[in-house]
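As structure tokens, here come the structures.
Presented sequentially are two complexes of chain A, the first with chain B as partner and the second with chain C.
Our next item is the complex of A and B:
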């Protein structure tokens, strides 16, 4: 059930090690537990790595931007799709980390500043999620009230950062900038002194592809571990899970904090990509987007969240080029249709309907 | 400490596995459980009966920590557990099946048991799951979603999950509700098997035939108070119990 069992496999051999790796990555909590899936996965990663050689920097940079949203989508997938915690304000952690990265990056010059900014911002987003989560979960708040509170927090931040124009709202050399936002946020740079690599354009793209890859695989290991089972158990029936001896509040707090950190990382790379952040990241237009991405793709599956985020972000970008304000109406309609017709999202549907294709690929053993 | 470790040493001499002292729960003006002093000794199969609204389910929730008592104390194996969280009580060896089957509906029967067992089984969990599936008659249904099981099978699955942690004390809220006569009989067998494995049981039940089949002792709850206590025969012959619960014409 939980992937192919590896009991009795000698892990000192190459085959044994491979089986061990697959055992950690596979299980009933993720889609794609077959050789065919991994063959397709390797092909997609290879295509992503080769992409910059085929397109201009403009397209590469834009694709990188589309991929940055996946961290926010994955963070919501983890806490909502897996653990059943419906956060409507995941953007709060995204925005806080984005602003924090700007503040640290502007104040501490050079690569050290941006690397420090990355670490501090992600830690700050996680800490903020921890505090908020602590009061919610230990205060006995659940279900729709979590959505209301998290959205309220995002909107309060939206109002707060909106009124930060003027010199008195500077942190060191970094003016928060009110509704105009914070400008001149430096690009993330990794390394020391002259040896540092500025992560921009194609380098930024590769940075995003690699970090997303690591995040996806890491989360696959997590959700297929014992902890992943507990997350799913909490989503399905928290009372039963508590009475199986699990400290569900603690688990929820832990996963909510991790979700905050992931969203925070998304905010950092977003701010680094555009060298800019403004209060609309906390706003009512942006807050529902992660929900639309993840619900459309399939909130209960990591791959659903990533593909859903990429596709919807791409579609909405094309729509806003074509139709301006209509894009939100069309996105809303997409969400409605998905909820009514494909409540589990389109990715698991596609996955379920393609076993015949998987069977026809070399070594196919569809699930 | 795991449940199985807890099972290795018994209570202090003369101490019950479960004891309550003046346990009371008020909901506004309603006293749902009224100064209940309960004592259950290790090895017992105690049935808790009484009319609807007598406070039976509320009492179970108080014992398990799903509700906080307004007054009174719960002692488990001699220790005051009144302020312990539910999961801490489970780790000390208490376990419970809900009134309405609470299984993970979207997950397979096997995954349901995996979640219950993974805490105490390090290796070869699949074999242990198979064993439990076998003894609870669910082997054929291993891959079925719990939602697609028959009602009786859901009840068994939940009992299988609740007993997976090798509890010392298992609380069952209406384990045979909605079951056919055959399923009820099978449930009684399962309860005896669990008791033979050393598990003490407290069972809420309305079906008096089922109570007769399993009970070693019976507590009658009425309007939140302990109304009568004794063997099933004593209870059945008690004219006051017949008046308030069993019915005057009860044979």
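Our next item is the complex of A and C:
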């Protein structure tokens, strides 16, 4: 990245290793740059790690499922929230990686197959995002067209995988299965031969918590780095950023590819969690969900995306039990209300009001 | 030799059918997008409202043409209400308006399912079939091509020969200047959204006799509508006609040779190629040729 960025962050105070780490993690592009935030963060991580000891495997597995969605949410947050690229088709990368993981995992037996599957699937999702991104960004098309093209790609993939029910649509031993989907996708396993650990149930939960933690902290470093500032600059005013000498097309292509890889990782863990994937992941019902999660939580903040994703998936899960046929109506209404009343999402709102709330809790300084 | 003529006719009918489908799917979306810069992601559901209005009144015993009229009026009223309550608050917030219209679409699909169940009684395609060689084609679907051309004619007249059209084009070109010159741009937007909704309703009404009436029927129009708008670009009439002709040709050819699904894939690939070469779509190409001449 050519050129230095000037920001309001004073980087000269970094002395000692801890301060250096905090310096990399904090900045104007993330919420929570305080001691109180990190204390709360550690508490949440500790609670997540202790959770399996308190609940049965069923709940743990379900919570792991809710957390897997966060990868998809984060990928959209990165490219839409930070770089302003409005992709309606993140699910395309998610689904492609899920299918690819199934194909490799079924064809190559053992832990090697699933690890190979993980790598190949994420690479494939990234490559697909790269090719699509190349045509979009180097074609110089604007926001709306990106949304339309990405959505159209997802819908066409939905049609494509829907018609793969015949025997001719098998890749090796893995039938794609048409609308019935691909079954018997193996669990992710890590290690070699007998030393391999099959990542399922509680182990899967810990795997998700740890990878999510690494992803979150990694993205915090990224968005608070110089690249992060360029992303936000592109979101705020692309023409000006380009005139200042940044190669905005290349940056957008890079971040779109990274977003594709992240969504792809989400698809892999989803397919591994349920041992199953079907064309509905490309469909019109699923495609908008990441947007709902991220828009509701707060698209311009990583924590907003994660919390929004977790809360909305949890609420919609409860709604489908309690609300039945009204769950989609309620979800649509939540989305509409958030856009009209809280355009920045609920997480930044709560964050901004937190001192006010704490003040009014018993024991706080009430004025 | 004897089989060449029917094959050619087949291709022609497929082209006409595809052209009509693209133009009719896209025109409502294109007008709202071209005029207001808003992509209405509930466009498919506006089409559904038109189709449902038509089917419900037809099943209540009203003749088909009147039922279609009812479907169009219903969709227009619905569109105007949506504009006044929601879209109006989101001017200048393009991406937010897309998210909001998506929310509307979710509510509508499920709402229709809750109120009317998983499907409506179908209408049945009128006008019989054209037979030639060993083949036959629905007369009604071929006549939709004529309807789409007629519709384009009416819109051309509306935009070039009426006071509304002049004001509308002025608003597209320079909103601030036209407001300064006394055009009530908010009212123009309301009218535009109403016309776009009416056209979506008309599409639903025209296709109601040929499709299965389920709450999610709008999604089958969506891909075609989107690719046609992207390929067409911002200019409503030139863009939509050009996109309909180009994509309709590609779709007909590939569907004829390899099947419906490959027709759709070919359309999408054409679209991605077109945006790489012509980011402004066919509108941009026409402007460029016009500029050089």
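Side notes on the structure shown:
As a working rule, the second predicted complex is superposed on the first by the 340 of 367 C-alpha atoms of A that agree within 3 Å, B and C clash if a C-alpha of one lies under 4 Å from a C-alpha of the other, contacts with A are read in each partner's own complex, and residues count from 1 in each chain.
Everything that follows uses one rule, which is that a contact is a pair of C-beta atoms (placed from the backbone, for glycine too) under 8 Å apart; a residue touches a chain by one contact, two chains touch by 3 or more.
Predicted, not measured: the structure shown is a model, and the values here were computed from it.
When the shared chain is aligned, chain C comes close enough to touch A:160, but chain B does not.
In the superposition on chain A, A:28 contacts chain B only, with no contact to chain C. After overlaying the two complexes on the shared chain, residue contacts for A:237 are found with chain B alone; chain C is out of touch.
Of the two partner chains, chain B is the only one that A:229 touches; chain C does not reach it.
Once the two complexes are overlaid on the shared chain, A:191 sits clear of chain B and of chain C alike. In the superposed model, A:248 makes contact with chain B only, not with chain C. In the superposition on chain A, contact of A:295 is made with chain C only, not with chain B.
For chain A, the partner with contacts to more residues, out of chain B and chain C, is C. By the touch criterion defined above, A:20 lies against neither chain B nor chain C after alignment on the C-alpha atoms of chain A.
Within the complex formed with chain A, the residues of chain C that make contact are 33, 37, 39, 86, 89-90, 93-96, 98-100, 102-107, 109-111, 113-114, 216, 219, 222-223, 226-227, 229-230, 261, 264-265, 268, 271-273, 275-277, 279.
Chain B meets chain A in the complex at residues 3, 64, 66, 85-87, 90-91, 95-96, 98, 102-108, 110-111, 114-116, 118-119, 124, 126, 158, 161-162, 164-165. By the touch rule above, chain A contacts chain B in their complex via residues 1-2, 5, 7, 28, 226, 229-230, 232-233, 236-237, 239-248. Per the touch definition, chain A reaches chain C in the complex via residues 80, 86, 88, 132, 135-136, 138-145, 147-149, 151-153, 155-156, 159-160, 163, 284, 288, 291-292, 295, 325-329, 331-333, 335-336, 339-340, 343.
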